[in-house]
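Mind looking over this structure? Questions follow.
Order of writing sets the chain letters: A, B, C, D and E. Residues in each chain are counted from 1.
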Amino acid sequence: GSRPARTAKPEPLAVAAASDLQAAFPEIGALFERETGQPVRFAFASTGTLTQQIEHGAPFDVFAAANEDFIRRLEAGGHVLSDTVAPYARGHIVLAWRKGAARLESLEDLRDPAIHFVAIANPAHAPYGRAARQALEHASLWDPLQPKITLAENIRQATVMIEMGNAEAGIVARSVVAASGVEWTEVDASLYDPIEQTVAVVAGSPQSDAARRFVQLLLGEAGQRVLARSGFSPPGKGP
Amino acid sequence: MSDALVEIRLRKRLHAELTLEVDLELGTGCSILFGRSGSGKTTTLCAVAGLCRPDAGHVRVGDRVLYDSERGTSLPMRQRRVGMIFQDDLLFPHLSVRENVLYGLAHWPRQERGERLEAMADLFAIGPLLARRPASLSGGEKQRVGLARAIATRPQLLLCDEPISAIDQEGRAVLLAHLGRVQQTERIPVLYVTHSVQEAMALGEQVFVLDHGRVVARGTPLDVFTEPRQLSLARLTRVRNILSATVEQHASDEGLTLARVPGGPVLRVPLVAAPVGSTIIIGLRADDVLLARQPVTGISAQNMLEGRVTEILRHGADVEVLIDCGVRFVASVVPAAVTSLGLEPGGPVCMIIKARSCHLL
Amino acid sequence: MSDALVEIRLRKRLHAELTLEVDLELGTGCSILFGRSGSGKTTTLCAVAGLCRPDAGHVRVGDRVLYDSERGTSLPMRQRRVGMIFQDDLLFPHLSVRENVLYGLAHWPRQERGERLEAMADLFAIGPLLARRPASLSGGEKQRVGLARAIATRPQLLLCDEPISAIDQEGRAVLLAHLGRVQQTERIPVLYVTHSVQEAMALGEQVFVLDHGRVVARGTPLDVFTEPRQLSLARLTRVRNILSATVEQHASDEGLTLARVPGGPVLRVPLVAAPVGSTIIIGLRADDVLLARQPVTGISAQNMLEGRVTEILRHGADVEVLIDCGVRFVASVVPAAVTSLGLEPGGPVCMIIKARSCHLL
Amino acid sequence: MSVDLRPLYLTLEISLASTVLVLAAGTPIAWLLARKNFFGKHLVDALVMQPLVIPPTVLGYYLLVLLGRSSALGRFLEQHLGIVIVFSVPGAVLAAAAASVPLYIKPARAAIESVPRAYEDVARLLGRSEWSVLWTVTLPLAWRGIVAGAVMAFTRAMGDFGATLMVIGGRFQTVSIAIYDAWQAGDLSRANLLVLIITVFSILVLWSVSRLTGGRI
Amino acid sequence: MSVDLRPLYLTLEISLASTVLVLAAGTPIAWLLARKNFFGKHLVDALVMQPLVIPPTVLGYYLLVLLGRSSALGRFLEQHLGIVIVFSVPGAVLAAAAASVPLYIKPARAAIESVPRAYEDVARLLGRSEWSVLWTVTLPLAWRGIVAGAVMAFTRAMGDFGATLMVIGGRFQTVSIAIYDAWQAGDLSRANLLVLIITVFSILVLWSVSRLTGGRI
């Protein structure tokens, strides 16, 4: 329930955010609160889950997805305000391996028989998983590596698999490895479609003004700085 | 429709070889359902209570029809107002003895409930057990609690399934007396299952003998248990002579009471505590009747009754001699005795009966 | 340590007012534990079987110590080799009658198992029930299956807790005979709980009377039940004579068997199906002994035994005459008979006993 | 490390409410399945188990479809009664209840079936109504199974993550969600701490149930 | 829409194997909890319930910590026996078993406790060993609770998603995972179809269990 607010704190802004933003967004929330005095409450889940919730009227104000498709789907259904749809960051996949293990230079190195398992997010629904698959396909490694490919529910789980040593290597998101204990190297961005993480204000948000301000903060310099530190690059640009 | 207080007609197939088919009419009073193990006694009670469904029949208590297969009536158990005491106690294991007894009185006013509990506790001597759980009771104690629970609710019909089989003879006598009293003060018709002649005699105003699912004999205990042609009964029981007599005189120094059997002889029986003029019922086993050609003297037997042989029934090594001496007696002897005494129908005979062989029922 | 086959000493506090404290010594044969409801009979059996733990005591069967509180011994139940028949049947509800009876024979060779099952089915007349589940059995049928299950395993000690209370008198007689036979052929010591004197007489070689947790009388059924000073017992029982006799001759046309009581008279009893030379046990109620000053003729009684009065005991209106005619007999008469016959200790007396009064136990 | 205890309260609140709901809705169903024969009983029996078969998140999704603000029922409730079930604590309670109800019904049914009918018949003969028989005989004699089912339902509700997450819409955090979030965020020590807290907490709860039910269960 | 049936077989295989495992491991525990008193019994009782309290994914994670390739046990198994438990069907079985074992132990325990000890004593008096008593008396008389628990464990294993997913590494797809994947990908009609399939399938399974256990579960 709601408590009687001593300092008349406004109702927090509800931001639905993709799981890969878990490292970056709390800081942006703090920025927003400092700037507006209004706190932010985040709900982290997979983009698919959040999309379903919004479609069924979840009371979010802002939705920061891990890609563009789901936002477009919501837009088509009138669940987000079209004029607020904007890419806010571009995600990147990286080749990661367990700390202390032999360094990997390229995707080719995944053929190494010492590598039994290669963890990626499930390409069926995770944007970074799809990117990983594309990269492997372009490198003609998808089929030969099949026996090694290990799917995780999301990019974070894929990272955990590497971290724990269950998979010797994997292709995960740059935004996730930063905060984890794995070593990594970039994957050539030309090998996969750019991951345009897109944001929008949820239709029917009772605080759409504040929501727009949050989106502006996210797209603005301060927000971008935080995102960059977390391994994202600005939307529509290279690494 | 008969004008009996309770009418029970039931048919139920139990297995390939056994179909229960009974037809009982009960009055206010205790009716005994007597019969060997497996004859269908428990099943009869269950069908009356509604615990199992007969194939067909009609059960009426007073003007309430509990079951009628033709009209499709079958009252739910809770409306039958039938109390039942089960062969295997079926006390609620999760309730104390007190709660068990009070269980059927939930809707009674508080005070009456308390009084009834007390009355039952006194009657069945379960006062000290009230706080206990059934699991810790002895066999006989369980049976007493079961009786108290069923009787507490003042049912309109009481069904007792060998309710005191685990109770010792002394306690049994006390309980039987209590039961008789309850049954008389509350005027509840009782259907009482037992295979003890003693119980049947003590309680029964009426006996139904069940055999293989059918009523093979019915009537007063006197009639039923003395009917000599009831071979199967003869084997079940031993008391064959039952006599109703009037107390004529007490000879307390001799330890004797003289009792006259209406239309028959005066019997000398062990001293009884019944006033002169009152009626007592005397049971005498056919085995206990000694026969002689003529009266003999110098023996301890107190009764010497002359009569006439009316019939001699033989079944194998068993011989039963029916004797008329105003009332009918049955004597059971070995075949050798018939020849050595030259007994024959119509001939005279003398019955020698010990006073101690005459049991007060 | 006593040299009895089975030694049972137990102490167990049951509740504030009742502490069980028994001390029994059994031989091969049937010992009766007799006592009113709640006297601690079931608890005694349970403690012997290991179903409940006594506070202290010692239980030995042959040379096997089942329990000893001082030495801290308490054999696990499965090693006690004790068979028990329970007051509330406790048949396995999920097994058929056949499986119940076979349950204790799991480790027997296949063929013996089958034979034993057949023997038990015959003995207890449960053949037609073998495929049924206990839930559908009648009360008496359950008890028979319980007996079969316990006896099948050939235990070294058999504990029976009112095993035939739900069985009719005819079936009871048959079962008692069977039980007696089993007990004799297999030489199993039996501890048998009952409050029926008939059963105690039929089976018991020894009786322990329990009252409020203590053994208040012990001895042969004759001694215990004829011990006239046991007033509480007198109320619980009817006095009887028990005689062991050897079959001497069959007179089948007369329907008689002649049996000699060692050191005593020859008794004429109803024809029995026992070979000449075999030993039978004859029960005779004290009430059934008729006394005369001298032999009389022309009566149906087949036995006329001369003896000598050893003692005359009076309690109120009851008189018991103890008679020596090689073995001791007890006759129960009314006071009037004593005077009219002029009976006195040391004087001659003649006992008149009907063949039919001699019951084969 | 400072730990926000509000999720713990919320979890307790939700799981208690959910358990009450499960008991209220599950007991009649368990009883029907145990004691009555009706057409489609097997189907009901199997359907009742479905929440176990479907991934909790998807289960939550179906709840959204059924009760969400764009569903017929949800719209009706919102427009006429002003009640929004989803994305609220009641929604979370519903989700937790949906996820845990099979865990109650199954053992409760088994326990009720194991109560000898004879005792119920005795109670009926003593004049008690079906309702009264249920409360004074059937359920007390089935209590071990009932309590086992209730404890499982409570525990499951406490641990529910997928269904709650879906329905609660991130507006509140239960301990499960907090654990998952911490774990997702790579904050393992926080996740472990939370697991430890919920473990200790649930042990306390189970232990008190043990004590309350007489040391057995 | 073409549906790949392999996940169905795999699901059946995993859940059957998991149920066998649960029965084998859970029965002794249930029996101990029901019939023996030992120090820390309450704790064991509560610990056994923990898999219900922890989000399945995190449970899977703990399994990985315990059995993963860099854990002591996992390393030993891999180096000396060449067995890798994670990312394999045995791993999925273990995960499903871990997630479902509380659902078995709790009702099994309650059912065993409800068996009157007198029957066990009778069996002992008839010379049977404890082991034999357990098999011929205790478990048969507790069968309703046992079957209820086993059915729940089976169903839960069939529906396990979080723990299995974590351990199986997407190298195989169970129906649950397929549902989740389809649903996450926004392919609702596929998700619904899969739910329908697993529902029908589980109804068939539950129905056959019903039939096998004499129409009464």
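Points to keep in mind about this one:
Rule of thumb we're sticking to: contacts are C-beta pairs under 8 Å (C-beta built on N, C-alpha and C of every residue); 3 or more make two chains touch, one makes a residue touch a chain.
As the structure is a computational prediction, the values presented were derived from the model and not from experiment.
Ranking every chain by how far its Cα centroid lies from the centroid of subunit C, the top place goes to A. Between A-E and B-D, more C-beta contact pairs are found at A-E.
Set against the Cα centre of subunit E, the chain with the most distant centre is B. Remark: subunit A and subunit E have CA centroids separated by 34 Å (rounded to whole angstrom). Mean C-alpha position of subunit B lies 57 Å from that of subunit D.
Averaged C-alpha coordinates give centres for subunit B and subunit E that are 60 Å from one another. Chain centres here are Cα means. That of subunit D falls 19 Å from that of subunit E. Multi-chain contact residues of subunit A (touching two or more other chains) are listed as 49, 52, 160.
Contacts with at least two other chains are made by residues 57, 61 of subunit D.
Annotation for subunit B: no residues touch two or more other chains. According to the touch criterion at the top of this document, the contacting chain pairs are A-D, A-E, B-C, B-D, C-E, D-E. The residues of subunit D lying in touch with subunit A in their complex are 57, 61, 64-65, 68-71, 74, 86-87, 89, 165-166, 169-171, 181, 184-186. Of all the residues in subunit D, the ones that touch subunit E in their complex are 42-43, 45-47, 49-50, 52-58, 61, 102-103, 106-107, 109-111, 113-114, 144-145, 147-149, 151-152, 155-156, 158-159, 161-162, 176-177, 179-180, 183, 191, 195, 198-199, 202-203, 206-207, 210, 216-217. Those residues of subunit E that touch subunit C in the complex are listed here as 118-119, 121-129, 132, 136-137, 140-141, 143. Those residues of subunit B that touch subunit C in the complex are listed here as 35-38, 41-42, 87-89, 138-141, 161-162, 165-171, 195-197, 235-238, 251-256, 268, 270-271, 287-288, 290-294, 296-302, 317, 319, 331-337, 339-341, 352, 354-357.
Subunit C meets subunit E in the complex at residues 49-51, 76-78, 80-84, 86, 90, 92-94, 103-104, 106-107, 149-150, 153.
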